[in-house]
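What follows is a single structure, written as structure tokens, with notes after it.
Lettered A, B, C, D, E, F, G, H, I and J in written order, each chain numbered from 1.
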Amino acid sequence: MSAPSRPDDGSQTLTQLGKPTIQPASPEDATLERVPAPYRDRRYLVRFTAPEFTSLCPVTGQPDFAHLVIDYVPDQWIVESKSLKLFLTSFRNHGAFHEACSVQIATTLVDLLNPVWLRIGAYWYPRGGMPIDVFWQSGTPPEGVWIPPQDVPGYRGRG
Amino acid sequence: MSAPSRPDDGSQTLTQLGKPTIQPASPEDATLERVPAPYRDRRYLVRFTAPEFTSLCPVTGQPDFAHLVIDYVPDQWIVESKSLKLFLTSFRNHGAFHEACSVQIATTLVDLLNPVWLRIGAYWYPRGGMPIDVFWQSGTPPEGVWIPPQDVPGYRGRG
Amino acid sequence: MSAPSRPDDGSQTLTQLGKPTIQPASPEDATLERVPAPYRDRRYLVRFTAPEFTSLCPVTGQPDFAHLVIDYVPDQWIVESKSLKLFLTSFRNHGAFHEACSVQIATTLVDLLNPVWLRIGAYWYPRGGMPIDVFWQSGTPPEGVWIPPQDVPGYRGRG
Amino acid sequence: MSAPSRPDDGSQTLTQLGKPTIQPASPEDATLERVPAPYRDRRYLVRFTAPEFTSLCPVTGQPDFAHLVIDYVPDQWIVESKSLKLFLTSFRNHGAFHEACSVQIATTLVDLLNPVWLRIGAYWYPRGGMPIDVFWQSGTPPEGVWIPPQDVPGYRGRG
Amino acid sequence: MSAPSRPDDGSQTLTQLGKPTIQPASPEDATLERVPAPYRDRRYLVRFTAPEFTSLCPVTGQPDFAHLVIDYVPDQWIVESKSLKLFLTSFRNHGAFHEACSVQIATTLVDLLNPVWLRIGAYWYPRGGMPIDVFWQSGTPPEGVWIPPQDVPGYRGRG
Amino acid sequence: MSAPSRPDDGSQTLTQLGKPTIQPASPEDATLERVPAPYRDRRYLVRFTAPEFTSLCPVTGQPDFAHLVIDYVPDQWIVESKSLKLFLTSFRNHGAFHEACSVQIATTLVDLLNPVWLRIGAYWYPRGGMPIDVFWQSGTPPEGVWIPPQDVPGYRGRG
Amino acid sequence: MSAPSRPDDGSQTLTQLGKPTIQPASPEDATLERVPAPYRDRRYLVRFTAPEFTSLCPVTGQPDFAHLVIDYVPDQWIVESKSLKLFLTSFRNHGAFHEACSVQIATTLVDLLNPVWLRIGAYWYPRGGMPIDVFWQSGTPPEGVWIPPQDVPGYRGRG
Amino acid sequence: MSAPSRPDDGSQTLTQLGKPTIQPASPEDATLERVPAPYRDRRYLVRFTAPEFTSLCPVTGQPDFAHLVIDYVPDQWIVESKSLKLFLTSFRNHGAFHEACSVQIATTLVDLLNPVWLRIGAYWYPRGGMPIDVFWQSGTPPEGVWIPPQDVPGYRGRG
Amino acid sequence: MSAPSRPDDGSQTLTQLGKPTIQPASPEDATLERVPAPYRDRRYLVRFTAPEFTSLCPVTGQPDFAHLVIDYVPDQWIVESKSLKLFLTSFRNHGAFHEACSVQIATTLVDLLNPVWLRIGAYWYPRGGMPIDVFWQSGTPPEGVWIPPQDVPGYRGRG
Amino acid sequence: MSAPSRPDDGSQTLTQLGKPTIQPASPEDATLERVPAPYRDRRYLVRFTAPEFTSLCPVTGQPDFAHLVIDYVPDQWIVESKSLKLFLTSFRNHGAFHEACSVQIATTLVDLLNPVWLRIGAYWYPRGGMPIDVFWQSGTPPEGVWIPPQDVPGYRGRG
């Protein structure tokens, strides 16, 4: 079973996909990459679920953890998923408040992709017995596009 | 208990249902078949759930897996389900990106059936710790038709 | 603890409720019965959940199974539930395709009751690894009536 | 840790709260009580969940059981919860059909409270393998009030 | 791994965050604090989930427990989460009815933050076999802001 | 579809099965009936799950509710299930403490059936925020008999 | 993608697998078939899960439904699964009590296969609000064989 | 429906049950009461589930929360449940480490009841992102007594 | 953030890990690799969960799917996980019965690793409405090693 | 409400609890601390659940994530939980294989505490579509100590 021949889909210009990479040390060091969206005449939703996100508290340096779900409707570009993974990983030693960190990720993607629409749900692990969730979207959801709910379960303590 | 007499429902022209078949080697080799829709004066939704979908990564040749849910509202035709099963199976050795593959399946069905409306939810198994879901619909959902949510649970890592 | 006195609610004319009955051999042999709806000046929803439905494949004679949920808003009549149970049981040796069988049940009820609105969700057990669900409603849901979602979980294979 | 001083909230006129009571023998014997609603300038929803409801079948005298959820938006009055509990208990030896019983409870509350809006979801235990749910609301839900879904799971037989 | 340098985000004026504090003895003794909202040109939702809430019954002095979920859309200010935690803790020896207590928390936050929108879902533990939930929002939800459902499961007794 | 011919299984002597019956007013008025066990040379477990149990508090007269699961291994007799249902129903207006009531049911069955082994799990609805479960078995479980766990979920308050 | 060459595994003597068959009208008419077990020097467990079982009540002729789980450890033979499916289907118009029916299925398999060990868990749908489960095994489970629990959830009424 | 006549079960000597009580201010102020066990010739398990437990951190004074499950096999005495409830409530303003607090509750009950066997599972809400559970039993579980697992779900963070 | 220095753990001799590889076309073409086990003086369990397994039916060539869980206790060797992944992938176009395929995978691993103990749970997707699970272990589980249950949920049809 | 007076429990010698700390950069830099166990004459189990664990792959430097559950029975010492939290956090930039990392954590605790018994369950997030779990215990579980199962759910892909 050999690899199929390489498709002509813009992935040839990518610098990270299918190549050894190192983890970027900060969001500034990360290189988010994009490729032309397939089916640019259609409006579909792409959802990334990232349960492996971690950053640092800007005040105490203590690690924070979050489960992130990112939804977007591409226009001309889609994000290359390995570069997105590396971008998210780059927050590992970065200090930011929950609200700021969540919105920064969304903002960076909006700047790169100029999508029809994008939203982020950031479900942070509890601190002080009380988790914070942050929900942001770039605008009113586009009509006629199918956007399922994220349905991440709420925190419920014990029992 | 013998089989009931054969209904006069257009299934007589089918080439695959109730007959031995071989697995098509690629989507191009598959023959999607259609029969006249029953109750053509009514708007109902048909949902196929296909948790046994697999294709290949176009870059690495590595197998990918997805849980697919396809919803459509027939107009004059319905798809014959065994031929749909064989069509989906034909992606087994086919290389395609998640987004392209998901939309291709929907597109092929739209071309065959010219339905009132169709959508696909493609829930891919995680790669790099982060799954991609793709959601597409052929247009704004028709009014007056009952379209339940797909409610496929999100990926949640471990724990 | 004796039985309460019989209410004056139209149930006196019923031929099956509270009496020994035999299973009807086919949908044609079943007698669906109705009684005057209580609170005919109000619009409420009645939901029947029938996880014990079975019929036959019209081509192979093989048993099929479905989980049915029927919602309706009565106008002048409600269906008597024992007669509904017997009607559903009468499909036990009846051959019909999934789509046809699902819509036939709904149609029969609409003809009997002339309700404000009715819908059926038919969740069939998988064949060929891929279940079919059928969703139909008699029209746009009436305004001002409370109609909760049916929320039957999707099929998910194994694991 | 002593009891806080008694608030001036209208509870002084109540005849049942905080006093020994006996179970009323029928709905007619029960005394539903009301107190002035707090925050009468705001529109909030109060939800009672009553999984301990039981009544009798009017035909056979056999016990019936239901899980009830009652939602309402107070206007000038709220129901006193102990009297509601006793009112629901009073159906214990009362015979009524599912549909009639469910709507009667809601009607009685509407008459007492004259609320902005009220609904009941009555989820009856299965009889003949097939449960009945009854859903009623007093009118179109008021705009601008937050009314979460009741989300009581459907019946699913076994397995 | 040292703590990152302190951000210039208004947290310097806070009197409780990152400092030893004592539990306030009553809501009147608690000091809710606010900081300037990040991304004040954007409308995002912040959700706090507080499963550790407890107060006293105003009549009997008996402890009550609730699971609270607070959603709000900041305008110029966000609440500092440690001060919110201490505020909620201050109800520990405070007597208040369910409805009054739930709306008081929301009201206090609205007064402090003057948010675009705020709501509270208060899910109280059962008393007399029947829990009360209270749902309130400050107004119609703002358009174009993403507000997921709270999805706290209903009470179901046993079994 | 007519009823199959009546089996020769001892059910002919029963006084309640397949006949109209009235609800017994107390456990003393109930008539538990037994029939010869089928397969008396084999050791199998029979499990009854009774989520519709209710009795009265002996002190306050307030209704109590429980979810009961009864497991037993027959020796020469099995209990006739309709008579068991009526026996359980007879506690409806009977006052007994949780522990006494639970063990009484088991004891009565042991006396009637003299089974190889019997146990009861009684899962009572919460009172005072704290449910009581009672577990009793007639002796050490017999070796070589398959006895699955009852797996009734614990109470968890809210959230 | 063509079918692989036929293995030499005893399946050549089968009369039903891979051939058109008709549904047997009763258990007596069904032909259970067996093939030599692979890996006869090893002790493994084979589990069949059959959620599509239905039979008739011997007294009333009313359909009964059950979810069956059959576990066995082969010795020299394994059951051919299509013939097992047809055997189970043959109970469709057969009248038998829950206990008798459950043990009969197990007995028939033991007679055919003479397995090292076999058990059946029969989880019947509720009648009279109270389901019956039947559990039987052919003897003490063999040592050194891995036998996972069946973990079929209990019935819980509503709510 | 009047209250049943009072049973002769030792409850006459109780000082708290069925009477107004005040919350004890500390464990030392609480009065645990006991009554003679019913069925003293039998070994049954009594399980209390207490999801409303709260105490204080001895170092910081911050409230802690736990979900407690207490199992015991009575010998001559059972604990009166209202007094147990008040005893647990008395920890509300008491400072103790998780391990010490959990074992203290069990120890106090052992001293009062001298039971055949007792255990406590204390499931504490997370602090620092990491909950502590404490499990203790008074000795090896007695043979021949049925002791189901507590099955409180583990903490899983978010997602 | 650069990659840590390479450990001296035997991984240097591996031919597939951290290198581009092609999918092996059959189990015979796959190269399972092993490395010396860490902590060879300890007995720990390693569990692989493989929800992406697929093979072909040897009779019809139709794809089969399974969810596999493999547990083993290493002695001198552990399997290298990328080579295990490629080995499992190699069944993609291989025809084998469920029982044979499941045991073959386990056997191959036992031959390679000579572990203290190994087991496989193979949970196959339903065919004919009835899934087959296969459970095998290499011998009696070793004493003193912790071996949690696999807890893969059973198949339950629909509803 | 002031903090209770400091207990005499050995916590006075601790260097990290209740004091500002910095995250240790590696396991070697972390200082695990212990205090005398309360109730040293009793055998209880302490469970830590740590869903916020992350380390690095030793070959690629890519972050790995795990959900850890640690159970131990103290002898003379218990671990101080803040120091344990910091110790686990210190793996954040440490490279180690799953098996080695999991056992190292357990080993370090055994060396510090010399407990009666200790085990670790390490549930790693999937890589290559296939997670690894590692289970180790220090010896046969002690008799007479209550040790509940960890019950972390298995990975199940999608759907």
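Structure notes:
To be clear about the criterion, a residue touches a chain if its C-beta (ideal position, glycine included) is under 8 Å from a C-beta of that chain, and two chains touch if they have at least 3 such contacts.
Keep in mind that what you see is a predicted model, and the values were worked out from it rather than measured.
When the interfaces A-F and A-E are ranked by C-beta pairs in contact, the top one is A-E.
The interface in A-E, C-J or E-F that matches I-J, meaning over half of the contact pairs are the same by residue number, belongs to A-E. For this pair, chain D with chain E, the centres built from the Cα atoms lie 28 Å apart. Taking each chain's centre as the mean of its C-alpha atoms, chain D lies 55 Å from chain I. In this assembly, the C-alpha centroid of chain A lies 45 Å from the C-alpha centroid of chain D.
Residue positions of chain I touching 2 or more other chains, listed in rising order: 1-3, 22-23, 51-52, 60-61, 65, 67, 92-93, 125-127, 129, 131, 149-152, 154-157, 159. Contact residues on chain C toward chain B in their complex (touch as defined above): 56, 58-61, 93-97, 99-100, 102-103, 119, 121, 126-137, 139-140, 149-151, 153-157.
Of all residues in chain E, only 1-7, 9, 11, 17-18, 37-39, 42-52, 67, 69, 78, 81-82, 84-85, 88, 143-152 touch chain A in the complex they form.
By the touch criterion stated above, chain F contacts chain A in their complex at residues 154, 156-157, 159. Of all residues in chain A, only 20, 22-23, 51-52, 54, 60-63, 65, 89, 92, 125 touch chain J in the complex they form. Within the complex formed with chain H, the residues of chain A that make contact are 51, 65-67, 123-127, 129, 131, 152, 155, 157-159.
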